[in-house]
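Multiple structures follow.
Next come two complexes, and both contain chain A; in the first it sits with chain B, in the second with chain C.
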Partner chain A sequence: MIDLSELEHDTISELINIGVGRAAASLSEMVDQPVELTVPTITFVERFSDSNLTSSPEEVVSAVSQTFDGPFKGEAMLVFPEKRSLELVRRLLKVDVPLDTLTDLEQEALMEVGNIILNACLGSIANVLGEPINCSMPTFRKRETKALLNDEAAFDTTSGKMPVLMILHVQFMLRQNDIDGYVLFVMDLDSIQTLKELVRRFLENSLG
Partner chain B sequence: MTKPTSPIVDIKDAAEAADLYSNLLDTADVGLVVIGADRAICHWNQWMQSRSGILHEQAIGKRLSTLFPETRLGRLCQAIQDCLEFGMPAVISPSLNQGALPLRPLPQFAATFERMEQSIRVHPITTSRGDKLCSLTVRDVTLAVQRDRLLRQQAAELAELVTQTRRSEDRTRAILQNTIDAILVASDDGNIEPLNARAQELCGPEGDPELSNIIRFLLPDSQHTPPQRPTADRLLTDLGTGVIEVLACTKNGRNVPLEVAISHFSADGRYHYIITLRDISQRKRHEMEIQRTMAELERSNSELEQFAYAASHDLQEPLRMVSSYTQLIARRYKDKLDETADEFIHYAVDGTQRMQRMIDDLLTLSRVGRHGKPFHAVPLDSLFDAIAANFRRAGLGPAGNIVRDGFLPTVTGDASQLLLLFQNLVSNGLKYSDPETGEVRIYTAETEESWKVFVADNGIGIEPQYHATIFEIFKRLHGYGEYAGTGIGLAICKKIADRHGGTITVESEPGKGSTFCVELPKELPIVIAQESM
Partner chain C sequence: MSQKRSVLLVDDSKFARLLVKAFITSNFADWRVDEAEEAGKAQAMAAKHAYDYLVIDFNMPGMNGLELGEKLRAAYPDAAIALLTANIQKEIQNKANGLGMDFLAKPPTEEKICDYLKGKEAGR
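The block that comes next holds the complex of A and B.
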């Protein structure tokens, strides 16, 4: 079903890494301190429960989500455990506030960070695609991990088309600390096939 | 169904609709900017006009980076580019991009904010003709930023306060824990809670199970049924003396005498008692030691007095015999034997007389302790009247050789002993002075706690090295031939002064006379007061 060759997998990985590299550069400039972003692994799973994100289902996570539409459609999400998201925002903003939830402004800052990263990833794909992807404004969610994808109803489940997840493990490195998060691409099977097709075409072009 | 009334604005009519939308955009409380694919501004609403100071006419057709050159390389321009090229929407948050556009804050924020704090949304728009546009929505979030700063500041202050409180609490706890005394707190419902380790030790499971009940009994006005009075062996002091001492018997068999101090405070509208238990084992041991030593001392002292009394009393009998017969021999055989015999007899008579005086003085000395009379108020004026009268009667020295200088107070003491004391001093003063010009001066000085009575003479004076020893018994500085005396007089004076809780000292220079000072306390020390009752 998701039968990607090693080369195809590497290509996607490469594209994503170019994207997040660009995102890291803009973030560094914005916060005036070095921000490094890497994507050590990319995995594809068919069910959310298969991913290692659900190892602690009760954990509260902060998520910035953007839906996208076009030749391939779905939802992209940057997900952090709530504590990590607090840490990330406060390191970026260089403040140390003893509050244990995000303030509205911090939430908006996290949204912007998510927006930059998701745009970069989607932008890289759009680049290969050769035409723009319509994405929505980012929205912010805070909920338990197990309820993160409750909006799956948006996908056409009646037709038996279960969504497929592309999970990017992203690592922020700033001020000598690693902060781990995930980028989730929730797509239907058609979209993943399109993506695969696009990657194949891209490879043919660049190799041929 | 009611017949639909025709709408006030017909949005089917292009002109009317355009007018409506244009009005809507201009009255919106957000900044609205539309940028075309050529990067030129094609919409600039009223809000942008008033906040930027750039008129609609000045903005239209210009690039944003021309109006605001500082934005050329920033995040906003990048976002606009991404939006126009790839259709990517963007969030520009105030925290990560302070004052992305140089817009004026509202007057109420002008003092604290140089620029308006903005939250910007960059969104792609596709026109009906298929053109790509980029819209900017700018919201003024200065108030939110101000509130956020306040929140952070207060949160930081709160955290600091919590840290301080915790530190101070830790310190207080450490002090409490490491206090040698056991500290407990009792609330008015009779519940007793040990506050530190020592209290836990004494009242806890390893301590004395009875101790809590004893404490409960000691607490004032307990509202509950009064607890059983502790047995006498547990309550070491009488209640009402102000000092409470109890005995704790711990499980490991140790008996610990404790001094109990109770104080109180009110909290949450309730009365609480703080009970402090101090281990006084050491003090109790010392007290017993002192008591034992005191008893020992008293016994040996009274034994000594008894001995002195008995000795001098019993010595009198054989001495009287010797004295009577030597006097008989002196009377009867005077001038009948040779000159040498007369001389010998004279010495024998003189010796027995001296012996008699010494025994009398010794008896007096031993009586000072044994036969003291209760203390009364003694006016020194009449005391010295009596002394002067005694000396006149005895015909010692010229009249007026005892001078009283200034006011003489009334002191407390044994009148006959004080008479003896000052008579001895006056007599000494006259004895060691020129019989013709000798003069003794009496004067007093007052201190806060005592009266000082001075007896000063103009006699021969005393060498400094003897000042301390002259009050010892049988201490004589001169041969019997020069000045008569038994060497007991000043010892008697000292003993009387001691009994009155006072002191006797001397200041003197040879040839310039001596001044004796008797200091008598105004308030008698407890021990002496009890003794003199």
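The block that comes next holds the complex of A and C.
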């Protein structure tokens, strides 16, 4: 579907690693504990519902999403199970607050965490490639995994072509609190080609 | 004994303001810490009170933190102005420094905020 050489595939994984690494360092600072990361996986799918992320399609998740725009564009998302999100908020707040205040603050806190994590991720990728990326304001959604991305909205009716989505997935874990979640990048075909081109140039410059 | 100072936090995130305010007040108990959730309100507040510190988020609805920082820098040359943002791109850091603003990368931690303020106080 998309032809990536092994080196290009590796480089994109490494870029995401750098970005998510920086994001994990930020999260770790916020919660005062180590954050473990999995190796990023890259998959290409036509519909979000085809991705293996929807293995528990009915699970309700909290997600913070930011669209990004620059040489390549797409959507970045921080996702974690809804049932653990209050626990995460409790860890993030250094000050003790009553439960109803905690619930009030939940969405605010998760949005700000998403903002920090996704910016850390995209910002460090932008810094490596030397290409500025603009991020939108974060938005919050709480819904079933299968409905996280709207497949219909992604379908380009003018060309009649099915979009190709590149899904970059990294899982993170806070073992002390049994909290896990993942970061997701979704890009369409044009953006994937641009990213591929930037990666090719970056490799040329780096390898001489 | 440190002097009583005043700080204006400008951030659209209530959560971010709550954290930073808690960090400042637990270390500088007698300082005044005010909050604004957007640039217009921040400008109105700064016109009424001469803040020693202005700590500004970058990504806000309406005017962004660099645009606001530029205006406040021109209006209040003696204030210390810092951009506190999750946007760690070099371009943003360079722009902030070019406008005479300090750059603080989010997440805000107690250590980061207090080290910054203590460093600034030592230089005053």
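Heads up, the rule we're going with is that the second predicted complex is superposed on the first by the 149 of 208 C-alpha atoms of A that agree within 3 Å, B and C clash if a C-alpha of one lies under 4 Å from a C-alpha of the other, contacts with A are read in each partner's own complex, and residues count from 1 in each chain.
The working rule: a contact is a pair of C-beta atoms (placed from the backbone, for glycine too) under 8 Å apart; a residue touches a chain by one contact, two chains touch by 3 or more.
Just so you know, these numbers come straight off a predicted model, no measurement behind them.
Touch criterion not met for A:171: it reaches neither chain B nor chain C.
Of the two partner chains, both chain B and chain C are touched by A:135. For chain A, the partner touching the most residues, choosing from chain B and chain C, is B. Once chain A of one complex is fitted onto chain A of the other, the partner contacts of A:193 are absent, as it touches neither chain B nor chain C.
After overlaying the two complexes on the shared chain, residue contacts for A:103 are found with chain B alone; chain C is out of touch.
Shared interface residues of chain A, touching chain B in one complex and chain C in the other, are 26, 29-30, 92-93, 95, 105, 108-109, 111-112, 115-116, 119, 123, 126-127, 132-133, 135, 137. Within the complex formed with chain A, the chain B residues making contact are 75, 78, 82, 85-97, 119, 121, 123-124, 141, 144-145, 148, 151-152, 155-156, 158-159. Within the complex, the chain A residues that touch chain C are 22, 26-27, 29-30, 92-95, 105, 108-109, 111-112, 115-116, 118-120, 123-124, 126-127, 132-133, 135, 137. The touching residues of chain A, counted against chain B in their complex, run 26, 29-31, 66, 89, 92-93, 95, 97-99, 103-106, 108-109, 111-113, 115-116, 119, 122-123, 126-127, 132-138. Residues 12-16, 18-19, 22-23, 59, 61, 85-91, 106-107, 109-110 of chain C are the ones that touch chain A when the two sit in their complex.
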